[in-house]
Amino acid sequence: MSTAVDMPRFVRANQVEALPPPNLARGPIAWVRENLFSGPFNTILTLVVFYLLYVTVPPLVRYLIIDAVWTGSDRAACRADAGGSESGACWAFIWDKINYFIYGSYTISERWRVDVFFALLAIGVVWMLWLRAPRRDLGAVYFFWIFPIVSYVLLTGGDADFGVRFWIGFAIFGALVIALFAFFAALLKAAMRPALIMGGGIVAVIGITLALVDIDFGLPHVPTSLWGGILVTLLVATVGIVVSLPFGIVLALGRRSKLPIVRMASVIFIEFVRGVPLITVLIMANTMLPLFLPAEMTVDRLLRPLIGTALFAAAYMAEVVRGGLQAMPKGQYEGAMSLGLNYPQMMTLIILPQALRIVIPGIVNTFIGLFKDTSLVAIVGIFDLVKTIEASRIDPSWAAPTIGITGYAFAALFYFIFCFGMSRYSLGVERRLAAGQKR
Amino acid sequence: MIDVHKWYGEFHVLRDINLNVRRGERIVICGPSGSGKSTMIRCINRLEEHQKGRIIVDGTELLNDLKRIDEVRREVGMVFQHFNLFPHLTILENCTLAPIWVKKMPKKEAEEIAMHYLKRVKIPEQANKYPGQLSGGQQQRVAIARSLCMSPKIMLFDEPTSALDPEMVKEVLDTMVGLADEGMTMLCVTHEMGFARQVADRVIFMDYGQIVEMNTPDEFFKNPQHERTRLFLSQILH
Amino acid sequence: MIDVHKWYGEFHVLRDINLNVRRGERIVICGPSGSGKSTMIRCINRLEEHQKGRIIVDGTELLNDLKRIDEVRREVGMVFQHFNLFPHLTILENCTLAPIWVKKMPKKEAEEIAMHYLKRVKIPEQANKYPGQLSGGQQQRVAIARSLCMSPKIMLFDEPTSALDPEMVKEVLDTMVGLADEGMTMLCVTHEMGFARQVADRVIFMDYGQIVEMNTPDEFFKNPQHERTRLFLSQILH
Amino acid sequence: MQTVVSQTSPPRKSFLYDPKVRGIFYQVVLVAAVVYLFYMAATNAIENLQRAKIASGFGFLNNTAGFDISQSLIQFSAAGSTYGDAFIVGLLNTLIVSIIGIFFTTILGFTIGIARLSKNWMVAKVAMVYVEVLRNIPLLVQLLFWYIAVLGTLPQPRNSLEMGAGFYLNSRGLFMAKPIYGPNISVLVAALAIGLVGTFLYRRWAKKQQEQTGRQSPVGKVTLALILGLPILTWIVLALVGANPITFELPRKGTFNLTGGLQILPEFVALLLGLVTYTAAFIAEVVRAGILAVSKGQSEAAGSLGLTPGQTLRLVVIPQAMRVIIPPLTSQYLNLTKNSSLAVAIGYPDLVQVFMGTVLNQTGQAIEVVVITMGVYLTISLVTSFIMNVYNRRVAIVER
Amino acid sequence: QATLNSVKQKGFLTCGSNTGLAGFGQPDAQGNWTGLDVDFCRAIAAAIFDDPTKVRFIPLAAKDRFTALQSGEVDVLSRNSTMTMSRDTQLGLDFPAVTYFDGQGFMVRKKLGVASAKELNGASICTQQGTTTELNLADYFRANNLKYEVVAFATSDETFKAYDAGRCDAFTTDASGLYAERLRASAPDDHIVLPEIISKEPLGPAVRHGDNQWGDIVRWTHNAMLNAEELGVTKANADQMKTSENPEIKRLLGTEGKFGEAIGLTNDWAVRIIKHVGNYGEVFEKNVGEGSRLKIKRGQNAQWTKGGLQYGIPVR
């Protein structure tokens, strides 16, 4: 090989082909040495960790799996004094109560409705989260409009019985809205047709929603006091996300508005909500909401924490969305403006689609927080999963020392699977977004 | 532009700018960094608000009036240093967006026009790609096509080539020369003196927010009058 | 450097690099992007590890030996493309950090030396500012001064001017020319051919991790031997 | 030059298109809506309250409370204390658990965050599993788990676990010796003061030494020796000469429970454990992100100047990472404080449990109680973020 | 708006009930409620609609029961709530009847060997926060100069579970509750109820202050059930008794006079109650009495004729 050492000039005659790297395939022993025992300090660390694992993992596995009681119909199975075994988790208890954990006290003959709700929810979630799903715009309509109505009807039984007077009132309201749009169109000398279509559209959407809620589909009514378990947990989370996302976007836009009062109002709301613990918001919704409403009006007990959590989540969501808006380069606004787009067009066509896309991880993380926080409704007496476990725990026919741990282990597992799944998802999106940025 | 002044807070960015651009005229603006070139050009389509003086574009005065601003923006196309394409839309969608939403043009027609201009800037085959998949020079040409789709009467360019790798500058300048040859009214902030020599009707040199010198390119380069201009040219032309 | 090879995983970045740099010699390295220029220069002060061959710096061979690596790094100064100044320290502190902690120099003395080199790069008045307050060219000059404060025998430059605005390039190049004139041993990755012509003793052209051509600047520019070099030069020199 | 001015129509402003006018219009609508909402809420509330004959106002704070609280830092008894006192007890309990929690969670969080970046594969993986598990399970479930599943299985007082050194553990909590300060305690305090002053002086001397000769002194070790070692030494000496400044009251067995000594309620322990382990998972992520945020170029530059890896970490990486870490760290501290309100689920008498629970029920004055409680949390949040903003402004990397 | 009208308009009664207290108000897994308190609500529904199923039970925690009533969320609160002067006068409530005379007691583990509440010096005691129980407890220990450690929880479930798990030495609540909760202990026989009753706890339904007609309905529902027991009118014989010649029975069952219409109901209101739900004795026996799982003696809740305090006000 011609060397270039000390040569003032050198011209390569033939190209050196790419060679495989030397000794790339290192054995597992080399790997262990390099990654676990590369020095005295590391060796000690490794040993300490091994010891920690030794004292935690085997007992855990033994408790949760090997020594666990898998079958049985009452507490005898999980009590040593009654001939059972109490050295491990009592999964028989979970198995026995599983329907209660899923549906609460929902009328047994009507539980298929809950199953349909779960299925609809799954469809909606997959549609929204799967970035390459077809027609995601339709998905949004489904998730934020159709699905809530259908679920409402399905779960409660619908048939809200508004009565004729209500509908007359609504007709007047609708006419007023359309007239208002027409008036503004005339005032601004804008085209009349789109204004009428827009006004009519808004009225129609509200009307259809209300009509669907009003129609009697022949489903028996199931009062919300019977709902419980995973149904309620998922419901609170779903309502939270369905409400908080649009509301959060509005708040975020408000906070970035140039109008001082709009901005102030948004800031005050956001900072207030973020400054207090969720539990106080829930207690407030529970005890104060009725006080602030006219005497004849009562709010369903389940609805109160729903409102509380949704508002709470909206404030956090607003901050996430704001992050996305801030991350948008100024050039995007300017590009849109220089093409002559107006503010709503600029926001809906250019800024929000991009901003929301970058904050998908943030949104999912907020949702994870929201999902975990749903457990707090148990404190205000709503029978979510945690509360149903609490309630079953004191069932004397299952009274056994291991019941508590088993119940919470089950809850922990449930939440972990959901939250961990979502956090992996958001991580995946984050990576993909990062990769997209590069090129 | 008559006697335009502008302040950022306490800072006087534009001072006494008087400039009358005739239809079909091509003007190149140069000057050191921070001299207010971008600001001036951005005032013309009201991305920035001026505080004193009047700016009249094609007979419409720029005031606090949303309708007029919209009108002016429809007449004025702008190409930015960093392209500012919309990364979530394809090239074609980038080009058809404004015609569809602002001019209420049918989608088909808008696409035909867009394809026409994409051919004009020689990248019709990229129409269905996303901006992120294009090179800088291609992106800038898309940005030009996007502006052209609104059939503006005036085009503004703010350092359109300075974010590009040297190899790509030429593509973009060629496109711009082509446009100039067709008689488009153009205001262009650039330091590409070759371009200025080739197409400009007038060259303007700005410093400290003022127009220091304005002349035909020949005169400007050969015989700069103001001391500041001479200094600047000596730096630029090595 | 004798027969140096380096892999990133499966990827063969440096292939058969043989290079002997004499004391006081000034070498400019150029080549297309991804050809391994940075990697080579980073191997010299062991920011990257090579897998085959030997690198001997000032009589010390680079091996897996912390003590030697430290020695070598004390002898070799490096200036990065993106300056990598410490943003939480003032300019002066940036320059005195290494002398104080590595050379255990009294603070007073370190500051005197730092001021000396800051004067050398013509920005003594910025000593108490933070890097964020300086322009790119000034920052790069601070980076040079910071390296010089360790009185290295060899200076490595990795595209020191490519992140700078054109006007600032000159400041930095001037500083580097000054250094070269003082007889510092320098290895410089750069595409500034003017600089190469002016100061380099040898110009090296790299591609695909290999040294393709090496020659004196005169010969190199006038009469490139290798086809690849010619192609490259034609692109660079317009 | 042809003038364009003559062609222009005179600038007639159309009122409706003026953005300022529109802005004012929108804001008026918003204000009207908000005012209307508040007005409705207020009138309804007043009407409802009158109908329900609930007294309003904050006078109830001076009424005798009549109930007891299991843990209070101030003197509190059913006989003489008022609802106002109960409020203070709750607030102090919230603060104490928050402060202690913040202390431990910081240590644990930094440890795990750094462990996640460890080159030791085992350590990094175990830290990762910790973070993933802990942060994906609701805090409430964790608290209940600690309280019921772990602490609930502790033995009854009669079979207390004796852990030596005066420590006992049973289902009533953790018991330990209670220090009783003797008259010589002042000596100990003086020793501590001397240690502090000495450290200060030594540090100044070390700096000067460096500036003059370049020699570096072992500042960390000396500091430790002065602040910890000196008082401990003094104590030992005093004890040996028989003038022990601190004696301990040990817990003794009583009828029902251990008496005397210091008792730490299991509710407190469970809450603290839950808050610390949960928040630490988040802090670990903050720390990791902060360290990763310092670009690789920084450590490369430091390396190329010849700084050792240790010096690089200490002088270049950590100072920059801290700026990134501190803001999210503060919000984790705030979260911990807010999350301490979950105490209500396990019966620890924090602000929410005592005030929004017991007091609200005994008095029925929902609005006042809710307003006060939320006000407290809000104040804590606002004060913290204010301090944070000031801090941020001061440490912000100075830029052009 | 009058509560009766709104109830009729809705077509059902909303009744605030306990979240779960055996014998008084407790739902099973299917949501069927049983207990003395919920049966009382069924009696009101029967009186209004002639249908005891037209009730919706709203489970309420101790801490939000009164707000729920005040805000109109429930029409009547029948949830083992103690009548006290301050609740009657300051919370805007009325307690029209006492359905169960109770008193606060203590439960301890047999193992402790404690025979009297006076021996509880130094014990830790589990109680529910926001109740009169919590206040009585403080009063009693103060009066007897005893020390104790209070551990308060938000719901009775949590309170009892904490006691059962050994967090406390003693558990205190109304005696009825002690018996009810004992059923749920992991080993009910390990616990005893101490003899001391430290307070008077008259438990009864509550309504909003100011709607006298509604208050009357609730008051007389209770009295009708008491009188029925006293007069021997039972669920089984209610229809036959209409033919009885006893003027007191005739007035009660509406064959004489217009007493039902006077409170806005039909004259056969009492028949409806007894026919559908039963008289007081029957309801007591079924839910909490010696035949039930709770095995509570009638004691103070016996008819006045049998030495108890339950004294039906004459229908006249």
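Brief remarks on what is shown
First chain written, first letter: the chains are A, B, C, D and E, and each begins at residue 1.
Simple rule for what comes next: a contact is a pair of C-beta atoms (placed from the backbone, for glycine too) under 8 Å apart; a residue touches a chain by one contact, two chains touch by 3 or more.
A quick map from chain label to UniProt name: A, D = Amino acid ABC transporter permease; B, C = Amino acid ABC transporter ATP-binding protein.
This one's a predicted model, so the numbers in the text were calculated from it and none came from an experiment.
A centroid comparison over C-alpha atoms places C as the chain most distant from chain A. When each chain is reduced to the mean of its CA atoms, the one lying nearest the mean of all protein CA atoms is A.
Ranked by separation of Cα centres from chain E, the top chain is C. Looking at which two chains touch through the most C-beta pairs, you get A-D.
If you average the Cα atoms of chain A and of chain C, the two centres end up 51 Å apart.
Taking each chain's centre as the average of its CA atoms, chain B and chain D sit 54 Å apart. In terms of their C-alpha centroids, the spacing between chain A and chain B amounts to 45 Å.
Separating the centre of chain A from that of chain E, both taken as means of CA atoms, is a distance of 42 Å. Residues of chain E in contact with at least two other chains: 67, 70-71, 154, 158, 161, 165. For chain D, residues that reach two or more other chains under the stated contact definition are 48, 51, 148, 152, 344-345, 360, 366.
Shared contact sites, meaning residues of chain B that touch two or more other chains, fall at 66. Residues 210-216, 295, 297-298, 300-308, 311, 315-316, 319-320, 323, 397-400 of chain D touch chain C in their complex. Interface residues of chain E, counted against chain D in their complex, comprise 62-63, 66-67, 70-71, 89-93, 112, 119-124, 129-131, 134-135, 137-139, 142, 148-154, 158, 161-162, 165-167, 169, 208-210. On chain B, the positions that touch chain A within their shared complex are 42, 45, 47, 66, 70, 73-74, 76-78, 80, 82-88, 97-98, 101-102, 132-133, 146-147, 150. Across the complex, chain E meets chain A through its residues 1, 6, 19-20, 27, 29-31, 56-61, 64, 67-68, 70-73, 154-155, 157-158, 160-161, 164-165, 183-188.
Partner chain E is touched in their complex by these residues of chain A: 75, 100, 105, 107-108, 223, 225-226, 286-287, 290-291, 293, 295-296, 298-299, 301, 379-381, 390-391, 393-396, 399-401, 404.
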